[in-house]
Amino acid sequence: MRLLYLGDVVGRSGRDAVQECVPKLRQDLKLDAVIVNGENAAHGFGLNVRITQDLLEAGVDVITLGNHAWDQREMLSYIDKQPRLVRPANYPQGTPGRGACIHTTERGKKLLVVQVMGRLFMDPLDDPFAALQQEFARFRLGATVDAILVDVHAEATSEKCAVGHFCDGRASLVVGSHTHIPTADHAILPGGTAYQTDAGMCGDYDSVIGMKKDGAVSKLVRKIPGERLAPAEGPATVCGVFVETDDRSGLARRVEPLRLGGRLSQMIPEV
Amino acid sequence: MRLLYLGDVVGRSGRDAVQECVPKLRQDLKLDAVIVNGENAAHGFGLNVRITQDLLEAGVDVITLGNHAWDQREMLSYIDKQPRLVRPANYPQGTPGRGACIHTTERGKKLLVVQVMGRLFMDPLDDPFAALQQEFARFRLGATVDAILVDVHAEATSEKCAVGHFCDGRASLVVGSHTHIPTADHAILPGGTAYQTDAGMCGDYDSVIGMKKDGAVSKLVRKIPGERLAPAEGPATVCGVFVETDDRSGLARRVEPLRLGGRLSQMIPEV
Amino acid sequence: MRLLYLGDVVGRSGRDAVQECVPKLRQDLKLDAVIVNGENAAHGFGLNVRITQDLLEAGVDVITLGNHAWDQREMLSYIDKQPRLVRPANYPQGTPGRGACIHTTERGKKLLVVQVMGRLFMDPLDDPFAALQQEFARFRLGATVDAILVDVHAEATSEKCAVGHFCDGRASLVVGSHTHIPTADHAILPGGTAYQTDAGMCGDYDSVIGMKKDGAVSKLVRKIPGERLAPAEGPATVCGVFVETDDRSGLARRVEPLRLGGRLSQMIPEV
Amino acid sequence: MRLLYLGDVVGRSGRDAVQECVPKLRQDLKLDAVIVNGENAAHGFGLNVRITQDLLEAGVDVITLGNHAWDQREMLSYIDKQPRLVRPANYPQGTPGRGACIHTTERGKKLLVVQVMGRLFMDPLDDPFAALQQEFARFRLGATVDAILVDVHAEATSEKCAVGHFCDGRASLVVGSHTHIPTADHAILPGGTAYQTDAGMCGDYDSVIGMKKDGAVSKLVRKIPGERLAPAEGPATVCGVFVETDDRSGLARRVEPLRLGGRLSQMIPEV
């Protein structure tokens, strides 16, 4: 299978770029599935019904969320109606939505998408490792599902690396989100799982992690409230990770970053 | 000028790789100066006298530190005797060592190296922006110094980006350290300052940010003390950022990542 | 001198109780000055012009703030016009308002009120110890001022205790705010400074630190947004610290807690 | 039943005072059980075999721990052999020891002691509310057990208050530990559960939460490592909470603080 994961979509700039490039990338890269992190799509804060639908219509198969999942209140009820939305699996029992979903591709392949949230420097949710262990007990790569993608939404690089190794040999791809900056450490771990610490955001990089830079810098320097942060409006770089899995084992054969448009150095996997 | 900054050197694996490649890189890349972050060089925790000398002998010009600066107690007295060591400038007044140093290259060019430490999710030091402001008041790029390198040792990508924009037009390069994972966002900011959120470590990437993975994963999963963390011992990837500055303005003309050896995808700037 | 400090006033319940009892306490306890923390007076979030005036009219002499200082935007401009307002002194240079004020009592005694904010588990401001050092360099207890009250607005008991000892012999009273729960450790430190880790709030204690308990508990248990937190509306306990200073040295002769009304055990100093 | 809970015992000073007063207090206050927090008993850092035995011999029935549970490595194996030791119940599955214990008093009454650790500003363990819910599902106050004591080992007053209300009507006493400063908010909550945000430590209060003040202040001011922190050696104040329960319902009829010896104002419940 060929999978493309795109990191946190930030505001209109990020949405426009993602909606424009996904149809073409599906073709050019012969993708079986596209997974996108949407936690900042609605003006930087959360995701709403309309934007969810726009992203799905553009060819996105599954949308993951994160700590901004509930910024738009309508998500609290909508999430239970939209099976293609995945929020962190380690929210407490009783939380709306689901922490994992099975997506069946056009070719009939089954992809499990799971998200967990880190706890270092973040809201202390339930144990992300225990949540993953539970998913691995339910679904087995290369047996009950053809591919497993783990989105680790976390701040600390150490926690993300640890999730990578914890999943090694049991997932096709472990990819980080939340820090909004792509890392250059894509690799296949010894057990066969592809890994990249952060996919990077889909947004304008002439910014502070997607938000207009003047306000964001001023907030850190002056320590008093200024204007409300708003997404930067320059052209976005679409950032993500492309992975090709072995059809039998579900493990990764190849992993490459994707960076398209905007200010970052360009990188498009060859197929 | 041509400068090479190498990120946090972790343990013996990182040291061996750095000491081996620096002499060759100085030649091949026609470098005017090499700056290395040494806060994890001594078995992962701090830096000592001997390793400092080894790094300098290998051709390193300036060594920056970070939150691990004082892990080896001998550093508290040694740092005042070794002018090539730079610790975060925003430690309180009276802290041993210095937060900036002027290095004069063989060609007689003056390079200012400053380090500041972030405060998000870290020990709350003094204001890093005020510390930078003070340095910019003392030294002017393209006037009193030929190049300025700012090492922002921080956890949060937002704080690092903010430091980048704060320095834009006033420094040659702002480069992050501390997270131990290289980012893929190298770019020249609108004002002419080169920027990369994190240089990445010089260490074994089959690890949790340089430390042996089993112990590090177990620490997060089990929440009870296990073996003391120790550096991973596989071959290191030397990670860094290469920048070429304009001799007149001191601003960046070109910035590229460097990744050499070990497990990460290889990248060597062409000169 | 006889001083009364009252802790964080929370919402209408807290305001009503404070405004009612201050005139009587001024008389009964023969107070020279009343200092109140007002950072939660405006529906739990910040302070505004009208409430400031109400508190001053009720007989409050100086109002301190804290991390909620700017919750009501009008404070950003008002604070410069109202010399009886004191915000943490360790905000960065250029912050509106002042971190200390001199209040001259009816008997002509001079009281210095300083506030600093802690940095453990809080927004990393500038160094609170350096800020205090600066005030002690400007004003000397028993020489240039007759009494010094330090309000240490902090989360961690360790940091508050450390501020207490740092000021011992140089202030009349070091009293904590911010945690909203009165501590029972009032004492005169070896150098003569009265100390209590937290004064406690003036608010309804059948609550979660002053806010309605159902919403506050649910927020911690369910981890998804519910109703916006609002102040509890039951009768408040007015909590504070009473100190009597030596007229010559300015040091403390006596320190006692005050707890009046509401649900907590009652405690009124005898005069 | 009459129960006495004593807060974090710090070092030799705290141990000596506790061991001296417990036998006498058992008699004078006609206590059915004595529960002590021992996480700092071994020179400030953890608890060991010998000190556990000394405390039990002095008449302590159950010892709770906290984030310092494993500071002394021998505890990792000893805890499974000593049923009177209770560590936070919300450590992950597989952690040595137990999060709750049933103690049967001389009069044949059954007391459940549970400890949970908070997560705000602390190591992110599993959900403390879920852990408590599980205990309440197994044991019912006034039915299967005669009294339930919940030790909430936490930093934030908000989280401790929330645990209090969460347990209200289902526990006899919810008492906080960890901050080492006694609070003055003892009260019986509307549902009948006695509550105090922190019991306070048993240690020398001329200190920074039990540790020698010079080193502790210097650590915050200077930000470089100094001498290793060590317990203060002056006379301790024994701090705790006394509660009398209704024999039928198990709920609280009366709650009072205890403060004995050392520097704090003295408070001994009358019986």
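Order as written gives the chain letters A, B, C and D; numbering starts at 1 within each chain.
One rule holds in what follows: contacts are C-beta pairs under 8 Å (C-beta built on N, C-alpha and C of every residue); 3 or more make two chains touch, one makes a residue touch a chain.
The model shown is predicted, which means the values in this text are computed figures rather than measured ones.
J.: Using the touch definition from the top, what's the fewest steps needed to get from subunit C to subunit D?
T.: Contact-graph shortest path, subunit C to subunit D, evaluates to 1.
J.: Suppose each chain is reduced to the average of its Cα coordinates; what separation in Å results between subunit A and subunit D?
T.: That gives a centre separation of 43 Å.
J.: By residue number and range, which residues of subunit A touch two or more other chains?
T.: 92, 120, 125, 127, 221 - these are the residues of subunit A that touch more than one other chain.
J.: May I ask you to sort the chain touch graph into line, ring, star, complete or other?
T.: Topology of the interface graph: complete, with all chain pairs in contact.
J.: State the interface residues of subunit A toward subunit C in the complex, per the touch definition above.
T.: Those residues of subunit A that touch subunit C are 70, 73, 76, 91-92, 94-96, 123, 125, 221-225.
J.: What does subunit B use to touch subunit C in their complex?
T.: That would be residues 92-93, 119-120, 124-127, 130 of subunit B.
J.: Would you pull the subunit B residues touching subunit A in the complex into a rising list?
T.: The contact residues of subunit B facing subunit A are 120-121, 127, 129, 155-159, 161-162, 165-166, 179-187, 189-190, 197-198, 200, 205-209, 213, 216-217, 220-221, 257, 259, 263-265, 267.
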